[in-house]
Structure formats: C-alpha cells, structure tokens
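If you scroll down you'll find the structure; I have some questions about it.
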Amino acid sequence: EKEDVTVVKLNEVTHSVFYAPQYAAISQGFFSDEGLKIEITNGQGADKVLTAVISGDSDIGFCGPEASVYVYNQGKEDYAISFAQLTKRDGSFILGRDPDPDFTFDKLIDKDVIGGRKGGMPMMNLQWVLKQNGIDPDQDVNIDSSIQFAAMAGAFKGGTGDYVSLFEPTALALEKEGAGYVVASLGVESGEVPYTCYNATKSYIEENPDIIQKFTNAIYRGQLWVKENSPEEIAQAIVEFFPDTDIDDLTAVVKRYKDQDSWNTTPMLTQDSFEHMQNIMESAGELNKRAPFDDLVNTKFAETAIENIK
Amino acid sequence: MYMSEKNFSKEHEQYIKKLKTNRFNVIATRTILLVFFIIFWEVAAELQWIDSFITSQPTRVLKTLVNLFTEGTLFKHLFTTVLETIIGFTTSTILGTVIAIILWWSPFISKVADPYLVVLNSLPKVALGPIILVWVGAGPVAIIVMAVLISLVVTISGVYSGFTDVDEAKITLVKTFGATKLQILTKVVLPASYPTITNALKINVGLSWVGVIMGEFLVSKAGLGYLIVYGSQVFQLDLVMTSILILSLAAGVMYQIIAYIEKKLIPYK
Amino acid sequence: MYMSEKNFSKEHEQYIKKLKTNRFNVIATRTILLVFFIIFWEVAAELQWIDSFITSQPTRVLKTLVNLFTEGTLFKHLFTTVLETIIGFTTSTILGTVIAIILWWSPFISKVADPYLVVLNSLPKVALGPIILVWVGAGPVAIIVMAVLISLVVTISGVYSGFTDVDEAKITLVKTFGATKLQILTKVVLPASYPTITNALKINVGLSWVGVIMGEFLVSKAGLGYLIVYGSQVFQLDLVMTSILILSLAAGVMYQIIAYIEKKLIPYK
Amino acid sequence: MPTPVLSIEKLTKIYHSLNGETLAIKDFTLDIGEGEFIVIVGPSGCGKTTVLSILAGLLFPSSGLIKYSNDEVTLGYMLQDDHLFPWRTILDNVYLGLEIQNRATTENKRRAELLIETYGLGKFKQHYPAQLSGGMRQRAALIRTLAINPEILLLDEPFSALDYQTRMAVTDDIGSIIKKEKKTAIMVTHDLTEAISLANRIIVLTKRPAVIKQIFDIKLTSTDHSPTQNRNAPEFMNYYNEIWKELDVHV
Amino acid sequence: MPTPVLSIEKLTKIYHSLNGETLAIKDFTLDIGEGEFIVIVGPSGCGKTTVLSILAGLLFPSSGLIKYSNDEVTLGYMLQDDHLFPWRTILDNVYLGLEIQNRATTENKRRAELLIETYGLGKFKQHYPAQLSGGMRQRAALIRTLAINPEILLLDEPFSALDYQTRMAVTDDIGSIIKKEKKTAIMVTHDLTEAISLANRIIVLTKRPAVIKQIFDIKLTSTDHSPTQNRNAPEFMNYYNEIWKELDVHV
C-alpha cells in the first residue's frame, strides 16, 4: 500500500484553527487512506498562495476564491479553479477594548476599526457587513487598512484603533490577556460565502483528476468527522498542528467556530454563494468584471465525493 | 569639450578621437542594451514567449504609469516614500554619527559595546517588524523606526571606522599644539573622516530605502511599498512592476544626489 | 598570559596590572550590563511596568526555548534557515566574484554596466519579493534568490573595488616579467584583494541573513523567519522574541566564523 | 655656551606592551643653549623620536627631569611628513596652531600671513595642499609651526619625505628661515650632510637603548654659514667621515 | 666602448590626456655597452621613469627606435619600493618572475634559491616580507629581479624608500651584487653620491621634455671600485659639484 503514496503540496493561506476539518482529515488518516501525503506550506496571504499554485510550486492552493477571480480577470490563461469548499463563513471576529454584550454595529460609527489590507477578503467582508447594517464604510467609520494581516493583533494591543477584526486563535489570545473582547462575529453577520476553498490550475486538474478526487474525498470525510465529534475531540485531533496552543484554548476556539456553523458540511461550492462573494467584491469596488461561475468552479469532484462517501 | 588655442600633435588628435569614439561606444551600447531589452520584453510578451501576466510588459507598465499619473496618485505615493526615506536617513545619519563619536571618545565604552554591536549588526532587523509595530504603534513612525534600525548599525560602524582610520600623525600634530580631546574631534577627526562618512551615507541611503519599503509592507496607507503590496494582493503585477521601476529610479536619483553632495563637500579631492 | 624568565621592571608590572584590570573591567561591565538588562526585563515584566505579553520576558523566552528544544523542532528551524543562508551566501559570493572579475577584465563592460549597477544597487530588493515569488515560484528557491539578490550587488561592488584598489605598481611589476592578463588576475589582483574580499564577505553574510528572513517571510514551511511569521500570526510574541534571539545569536556566530576564516586565510597580516 | 633654555637630566623611557618592555632611552642628559641648533643622529629605531616626543610633552618619561628656563616656553614640533590638512587651504593650515591655542587674534593671524608672504607662499595662500609641490608643502608646514611663535623648534626628520634635490634646496631654505627667526632648534635626521651643514652640535646616539655616544661641536670655516656654503667648507668631509664611523651602520 | 647591447635612437614620448598633451621625452639617443652601469639623473618629473618604462616595454614610444643586440634579451626591472607581495614568503616572491615566464623549473628554482643564500637571506626564505627590515626587503626585491637571469637591469630609484644610513649600506651591497653578476644596468636616482659611486656614465637630463643635457664619464681612482671606496676617491667631490651645477635645482 505504502508504495504508491502520492505527495501533494498544499499551500494554505494561513495556519488557523478555522481550518480544523482539514487538520482533522490529516490526523484521522483520511488522506493516507486515499494514498495521499499532504505537505503543508504556510502561504501567508491569498495572493501568495495563488502565486505558488500558478507557478507550479504548490499543487493545491487553499484560500478565498476571490484571489482566483483576480487572476482570472487579469487574463491569466492557466488560471486556478476552485474544486472544494471548506469554510462557508468569515472566520473573523470584531473585538472591542471592553466587553460589550449589547454590541450593535452603530457603535462603530466614528470609531477606528482595524480591518485587513485593501483588496483582501477580510476587509471586503467587513465592508459588506457594515453596509448590511446600514453603515457606510467609507463615511461613517474609520477603517484602518494600513496594517499587515499578521500584525493587526499586535497593533491593537499596542494601542492602535478602537476595534479590530481578528481570526482565531488571535482573538482568544487577546481576550485572555484582557486586551480585547469579542463583540461580534463577522461570520454570523455576513451570511454564507465560499470563504476558503481548495483550488488548482486548470492544467493540473486536467492532468491529475484522480488526485483531485482523492483529495476532495478526504476533505469531505474530514468535514463529516468534525460534524460528528465534539469540540474536545476535535481539539485533541488537531492539537499536533498547534503545538504552542494550550489544549483548553484550542477547545474553546473550536467550539466557537463549530457553534457558529463555520464549516461546510460538504465540499460543494454553490453558484449562489459564489455570486454572493462577487457581490461583496463588487460592493467593495475591487471587481470591475464578474467572472463566470462555470469557468472558475468545478463541482464535479465534490459531487462524486458526496455520492461515494456515506 | 576642452578646447585650447594650442596646436596639438597629430598623435594627440588621434588620441582624442579615440577617446570620443570610446565614449560614444559606451553610451551607445548602454542605450542599445536598454532599448533592446525593452523591445525584447514587449515582443516576447506579445508573442507569448513569456507569460505577460507574470512578467508584465512595457506597454502595460506605461499604461499603468499614465493611469497613476492622471489619477494624481503617483506623486502622493512617491512623495510619501521619499519623505519617509529622507527622515529615516537623516535620523540614522545623525544618531549614528553621535554614537560613533561616543565610541571614539571613550575606548572603554567602545570595547564594552563591541560584542553587542557585532550581534546587532548581524541580526536581520527585518525580523523585528512585528515587534516594532507593537512597540511604537502602527503608523508612519513604525516605518521610520524600521528604516533607522536597518541603517543605524551600518552607519555607526562606517563612521566609527572612519574615525579610527584617521592618520595618527595628524592627531599627534594637533597634540603638539596642545589640543584638547574636543579640539582633536572637531579639528581633525571629523573633517578627516568626511570621505568615509559620505561613503557610509551612500550605503545608509540604500538601507533606508530597504527599511522604508519593509516598513510599508508592514503598515502603510500610501507609498510605493503600499502600491506593491496592494498590487500583489489583487494580482495586478503591472502595478507591482511599475512601482518597482519608479522605486529604482527614485533610489538611483537619491544616490546620485548624495554622490553630488559628497563632491561639493569635499572640494579638495 | 605571556610569561618570560626575564625580570621586568616595577613600572612594567604596574603596566601589566593596569592592562589586566582594564580588561577585567570591560568584561565585567559587559556581563553586568547583560545580566542587569535581563533582570530588569524580567522584573519589569513581573511588576507589569511593561506589558509582558508584548515584550515577552526572559523566563517566557526560556520556556519557549525549552519547548522548541524538547519538541525537537528548534534544530529543524535553525538548520533550515542556516542552510538557506549558507547556500545564498555561497552563491552570491561566487557569482559576485565572477561578475567582478568580468568587470575588471573588460573596462568597456564595466563602463557600460556602471549606471545599471547604480540603479540595481539602490533598488530596495525587498520590493522584488512578490515578483520573485511569481518568477521563480514559491519555494526554497525563492528564499535563496532573495538572499542572493540582496547581497549580490554589494558583493560585486565590494570585490570589484578591491580589484581596482590593487596597487598599480604591483601590476606594473608583474608586467615587467611579461605577465598575461590572466596571470595579472591570478598572481596579483586576486590574492592582493583577499582582505577586501573577506571584508565584502562579512557584509555579504549579514545581507544573506536579511535576504533569507525576508524570503521566509514571503514563503516558507520552516525556518526562523517562518517561526516569526507564525508566531505573530497566532499572536505568540514569546515565540517571535525567542526566534529573534536565536537568530541574532546564529548570525553573530556565523559572523565570527567568517572573521576566523579571514584570519586563517590571511596569515601574513 | 649661552644660558641653557632647556636642560634634560637623566631622561629614561621604557615602552610597555603585553609582550614585554622596551628600554628606548637611558640616562639622556643634555643642556641646550638659546639659539642653538642641535642635531641628533643615531641608528634606526634607537629612540630619537622618543626623545623629541617627551620634550614636546606627547609622552611621559619613565624617569628623569626636563627643565625649561621659562615655564611658559612655547614649543613647535615639525614631523617627518608635512601633515597639512587636505581639507584646509594653506592659510587655514597655518592658522591651525593659533586656533587650537585660542590665540587666533587678528594680530597673530596677520603675523602668520606675513610669514607666508615672507617665505614665498603668498600666491598659494588660498590653494589646497594637494596643489603644491612637496617642497612648498614642507615650507608651509614650517610656517604653520612658526605661526605660534615657538621659542624652541623640534624637528623630526623634517625633510626625509622629499626627493634628494628638493631636499637639498629645502634644507637651505628652511635652515636659513630658522636662523633668521633666531629659534632654538633640535632636529633629528639620518642625513649627515644635512646634519653637518645645519648644526651647532651633533649628538650621536648608540643603538637602543639610546645613550649619548659622542657630541660633536661643529665649527665650519665658511663665508656666510648658509647650509650650502657649509657643505663646501674644508672641514666638512672630516666631520662626515668621523661621524659616519661613530654611527657604525649595518643593514 | 664595448659593442652596445642596447641602442636608443631619437626616442620621443608624448602623454595624452583630455586636458592636453605632455611631451615627456624628446629625441633621446644613447648607446649602452655590455656590462656598463648607466645612471640617469634629472629634475623631478622630467621623464626618467618614462625612459625606463619604454625600455621595459611597459609603454610604447611615440616615435624613435630601440634596438637590442640580441632579440631574446631578458630585462629585469626594479622599482622604487620593493613591492614584495605580502601574501608570499620571500622564497615565493623570488620565484614570481620564473612562475610568470613559465620557467619555474627545478633548476631555475635552485638557482634562485642559491641567490638568496649567497646574498644573505637564507635564514629568511620562509618569512613573510613584513618580517624583514627595509634593507633586507630591498635586497629580496633585487634577488627577485635577478632570479629570471636578466641581461639588462633597469633600476628606478631602487633605494629611495630607505632611510639614509640603510641606503648607504644597501647601495654598497646591491652595487657589488650587480657588478659581481656582471649585469648591464640602467639606474635612475636623485642621489648624486649614489650616482657617482656606482656609475660608469651619468646622463644628466634637462627639465621636461627630457633631453640629454650632458653625459659624464665617471673615472674614479679608488682601490677596489666598491661604492664605499669610490665615495672617498679624490675626484668624487669635483664630479659632485659639476653635476650639481648642471642640475640647477630650485624648489
């Protein structure tokens, strides 16, 4: 069996508990069952993930499909196609400097909010949510898009801004320090979007349909597994990927994501959610031309996986 | 061209002619290389020998440039980065010189500081990025701190080694006149190390650019580094490439300005 | 300590004693400074004068270090970064020297290349990060390319200026023996510029570290730069601080190794 | 002999380094009269520069006594190379000593400028040293030394960086300047021709540690006692050969 | 005169720079016989080094002819400073010329080593130049030149970097080595004492452009014709004064 193990180079946008189903799939052996060995690189940003995929350094990229829309719209021939979806919501939270159970979005008016960098999904999503809540992100709030994603928590702790939008486990770390408190979940507010998906170049998919299929299968089994297990069990399963995080913290974070229904239960990326994402991009002013779903998404592998695995 | 009333020998005319031809050849080759490179880039992109999505292409760069210019943002970004660089450069020059003076003044301090300076010198200051943000806050100050951190140690050791290289005999000379330590510093050591200092400045200005770009990657609302980050975020490699070209031109110009100031400052050379 | 059978004068004994006291003072001051700094850091963090979450604190750093060590990942990360640095350093040293030789060999090429080198020299190579990724792909190669890019031009100009500084008279001397250009290179120019070359290497090794860390910030699976990015992503500033400390130590050690090699290579100094 | 302006008594100097100690001078005793021109000769590395450095106060002696007839005596030291500051014009170079001693009054500056004119560098006041010939630079260095109006001049191989012929000419030149300004001078040189043609007394030192081996009183029958005339004096060659023998040179 | 090993005919050299041209030598004509020791003297910057450089083939003449009696003649050039390579031991420094001419055979190397022994540097073969005194280094430089067994030696102020006394000693030393090895030599110097005590003929040049002003045949009545003895010859001072007048030095 061991002889025909295929190594797949996976480039993830960031290393986060948010992607628990993926790590669970690895630790539970779903990939090795399929004869795949996953080699993870931390791409540190959707742009770099896709760059790695396009240049052929990574086989499969894991990031928001907005990046592949950019690439497609720049006229790249061998663009990246998304074939499986892992998370269906924004994984970030808004933190304030004090606990605020009665938080409403009006409270952000005239405040400084640290968002992600311009053109990135976290930033666009934040703008969208604000608009949904009747707030003009350009006029009413002061969104600080100047800070590198990885440095946002530090900047907030260091005194910049009134609110910050952060991923886990950073949000929890700030809470534990008493430096910030989660007041709202952007995931809950934004509705379902294809927040993080797996993609590969058109040519790679054409040449390696079986690898893509096996990969999708394993992801699907991971999704099923986290659905059926408790936060404690999930935390146990993925702790090896977060050696520096305390197990209790990990459990808390997993619970937070599980409770707000962050994870897709299947790898299926629907046209509705894809168009919804393009709406968000359009509204943020980063999209001058909508990209066709049929070109950018391939649902065939997800369908096969769902059919074959019970 | 130098012209004189004198009649020069035939041999001399030939020599001058050869010099001129030589100079012409150099300039021609430079130009041809540049033009050829641009044309090749354009053609290769057009004919899809290279992937113009990745490498961009001259006409696209030009278009982006025109866009930036007409939108009026070009100068905003350029100005921001240049200003940060100048502030960072000036700060680290002054600070570095002052520290170098202290080290020169007290051999004891200089000996004590030595191993620390070696470690600080080898430490890739880039790594401090996240820490700087936390410490001085996310803003232009962080960018300038980054620029200063990156160029400071090099400035200190450049200037200090200029100080220690000063001809001992010159110091002995003013000592025979009974000079105080302060006089030795101001009358001999500082002016004598002008050339070394300006040389250190040439390195310093390059590092300040690096620091500012690094800083802008970390935190920025505007600037060429910001443009690069934004461009790569939304996969507009044309924008990235254009920014880099502007950047290298700006850096080259600033280097030449320093070189020019150096020439003016050291007329006796 | 040097000891001889000779009886030294009283004055000499005093002199030696003074020297020893002096040396002791220097070392003591260094140590005290370090210890005091660590203690102050710890105490300040304990008493919450400073925010230990942001600044970390010695005991936390130690704990993180022990963790990394027991998990066995410390050496993996260290090794990755050191290896990349060595490869980058070696590549840019060899490449830089070869290019410097070409420039020295042909004054024409060197004149043509001059303005291009100035621009390349001033260009903050950090800015090329995104482009490098796109061009050579996101992998270890990108990291090494980054390291080489950052250190190459400096190496070229360091080595080349070493070549041009070689005493003309030494070249004249071998010319009187009828030396060919190749002989001038191998018998005079190269050995004479050993000291300049090793000096360039000292700068080069520092820049290679910067390049590798920059590269690891861009793309990496392991390495100290990866630890720093990861640490700041998951907001574990202890990890960031620990990695920076390891990094500066490693860089310091490598610098000393180069300095040692320099001493061995130039026995006549 | 006139009253000594300077008496040196049992001067001893030990240099120290980690590798051991070097006895450079031992029991050096000498009285120097006003207006005298003393030349010190001796083998390479015997300690000549050390003597001058101690007299100039640049080094402390290990033991011994140096007494000046006048506590306020001003010294002028001239080194082997001109050490003009390349970043200063000749005029500013000449002002250097005055500036350092905070005596750069208009009067003193005028006096210094006058020296420049007198000794033929008037046209080069605003030039940088690099624009002058070696001989002219050395003259400028002497004027810089004279500008502080020293009573005693210490000259450490002042001409040895010049080429042979320039050196001859500059020796004549500078020798007569010093005589004209009526300075007491102590000079070190390796060139016996120079020594004999300038000196009132020549002190021959032994190898290190420098001890005085012999003192020659130079008395030449020459018309105007200029160095050039002195070289042609009939006694010249005798002194030359005698001193040469005393020096006992080996490579 | 013996048959000339080298005749120079109407040699002219113009240097060119953007600012104009410099006529350095004009119509320099001279025959040099085998075993002769020719010394060239002349004012600073008159073109002496230029003559030697052209003879050594380092520069092309603007016009004129240089004829060697033998097409295969080997030249040895010795410069003002020793220019020993600090990274080579004395032995390896001496081998330099042989290596460059691809003649570093065991035999030639033995010969070179023998020269080192003969001329008193045997103990220092494995030393680096920095460990030798100035005089010893200069001797090593001569041996390096002799190692390629040149028929004609070109010496450009070979001793001027040495201090006065060492210089005297090294002149004697190197002078006798050259005589012993029976080489033809053309030397440039500023030091007339050196010139007169070594030369068969002294060529006095004018200021630039260098034209031959006068040629002195030196004939000294001395016992063994060593430089030291020569200096004491009765004719010495006459030559000295005559040549000095011809040179007509100003600062």
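A few comments on the model shown:
Labels for the chains are A, B, C, D and E, by order of writing; each one numbers its residues from 1.
To be clear about the criterion, a contact is a pair of C-beta atoms (placed from the backbone, for glycine too) under 8 Å apart; a residue touches a chain by one contact, two chains touch by 3 or more.
These numbers come from a predicted model, not from an experiment.
The chains touching subunit B as well as subunit C are A, D, E. Listed by label, the chains touching subunit D and subunit E alike are B, C.
Here the chain pair with the top count of touching C-beta pairs is B-C.
The distance from the centre of subunit A to the centre of subunit C, with each centre set as the mean of the Cα atoms, comes to 38 Å. Mean C-alpha position of subunit B lies 48 Å from that of subunit D. Within subunit B, residues 54, 129-131, 134-135, 217, 229, 232, 237 each touch two or more of the remaining chains. Counting partner chains per residue, subunit E has no residue touching two or more of them. Shown for subunit A are the residues that touch two or more other chains, namely 47-48, 51, 54-55, 150-151, 154, 157-158. Every pair of chains that touch is listed here: A-B, A-C, B-C, B-D, B-E, C-D, C-E, D-E. Of all residues in subunit E, only 43-44, 133, 135-136, 139, 160, 163-166, 168-170, 173, 189-192, 237, 247, 249-251 touch subunit D in the complex they form. Residue ranges on subunit B touching subunit A, taken from their complex, read 51, 53-54, 129-131, 133-139, 217-221, 226, 229-230, 232-237. The touching residues of subunit B, counted against subunit D in their complex, run 167, 169-170, 172-179, 183, 187-188, 191-192, 194, 266-268.
Contacts from subunit D toward subunit C in the complex involve residues 14, 16, 18-21, 62.
Those residues of subunit B that touch subunit C in the complex are listed here as 22, 25-26, 29-30, 33, 54-55, 108, 111-112, 115-116, 118-131, 134-135, 205-206, 209-210, 212-214, 217, 224-225, 228-229, 231-232, 237, 240-241, 243-244, 247-249, 251-252, 254-256.
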